[in-house]
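First chain written, first letter: the chains are A, B, C, D and E, and each begins at residue 1.
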Amino acid sequence: MLRGKVIGNIVSTNKLDKLVGFKFLEIQLIENTQLTDKYIVAVDRTVSAGIGEEVLITTGSGARMALCDESCPIDAVVVGVVDKIQ
Amino acid sequence: MLRGKVIGNIVSTNKLDKLVGFKFLEIQLIENTQLTDKYIVAVDRTVSAGIGEEVLITTGSGARMALCDESCPIDAVVVGVVDKIQ
Amino acid sequence: MLRGKVIGNIVSTNKLDKLVGFKFLEIQLIENTQLTDKYIVAVDRTVSAGIGEEVLITTGSGARMALCDESCPIDAVVVGVVDKIQ
Amino acid sequence: MLRGKVIGNIVSTNKLDKLVGFKFLEIQLIENTQLTDKYIVAVDRTVSAGIGEEVLITTGSGARMALCDESCPIDAVVVGVVDKIQ
Amino acid sequence: MLRGKVIGNIVSTNKLDKLVGFKFLEIQLIENTQLTDKYIVAVDRTVSAGIGEEVLITTGSGARMALCDESCPIDAVVVGVVDKIQ
């Protein structure tokens, strides 16, 4: 999994029918304690992460396992909020 | 998912039978607000994105979920047009 | 597979139900004999690796094969502790 | 998908039984109009691309969808020849 | 597929039951004719590559297709020895 900071919401009107109602977050990736200059877009279905929160992201086919419908055309999903690393 | 700008259409006459009729777009990837020097090719089946538009791209096995036939030999597909990030 | 050093435990209260009870480790990746500045988060279900130990990590869909439930939304798992390379 | 230029044929006598008869091409990847210093090996089953030709390559699990037998242990396949980008 | 040079054997006593008896090789990746500073660990079940040999590696879900049991938690496997590129 990757760690990242939520920095925005992506607005997309023209998108696949299967993705209607999905929330897409712009995420800035974190390496250890540093924000990087790498970004990905992840779906958030159940965690409801807010702007500025640090999240855990599952990528690849595992991302679809977080949704009720495993045939969704996505490749990254927020699976948790990071409280701290100890 | 990745964000990118559509910069061209790829013309390919000699290709696999399963890919006949597919539209292949050359995409320049975007990190946050910056165009990068990374590029990928993505299929566009239903979004009909035009040159210069910013799009959302699903990669990997999730890309096949965007097509009617999940056995297509592709690894990236346009799933939406990005209006804005807020 | 990748090699890395366990450097911390990730605490996450707000996470997907499917991930409750999972241990998430912060891992610093190793290239040959060098620690790199790349990091990933991996689940540890059975190896019980401790802080400072060098581990072997399987990523992608293969990670789910290490769990009893192959529908878990994860993409990296600790599959072993590295004793040495000879 | 990725774009690349075919620069050689890989000769391998000692290989898995499932791969006997496969043609493996050494490919130099292209970013937009530039050859890069990144290379991958891709199988060519039906396109018959020649040395110097620019090709389209599908990677990951999608690569196996290009073959009759979807259980082949490969991760990259040539799916077309690029005529031009317009 | 990737090309790389076998540089060592990884010894791991504490590992998942499904991986007992597997041979894990430390591989230094090759780009065209150059050894790089990137490394991965790959399973070798049938090729029996020796230290110093150049090998072909399949990564991702395709790696599991090289084994009898497709539910093994691995993501890279040696599929052949490279004799030469012509």
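Observations on the structure shown:
Here is the rule we go by: contacts are C-beta pairs under 8 Å (C-beta built on N, C-alpha and C of every residue); 3 or more make two chains touch, one makes a residue touch a chain.
Remember, predicted model here, so these are calculated numbers, not experimental data.
Of all chains in the assembly, none touches chain C and also chain E.
Centre-to-centre spacing of chain A and chain D amounts to 31 Å, using the average Cα coordinate of each chain.
Averaging Cα coordinates per chain places chain D and chain E 19 Å apart. For chain A, the set of residues touching two or more other chains reads 60-61, 63-64.
Starting at chain D and stepping first to chain E, the chains sit round the ring in this order: D, E, C, A, B.
Within the complex, the chain A residues that touch chain C are 1-3, 31-32, 46-47, 56, 58-66, 70, 77, 79-86. Taken together, the chain C residues at the contact with chain A in this complex read 7-16, 18-19, 24, 26, 28, 37-43, 60-61, 63-64, 71-76.
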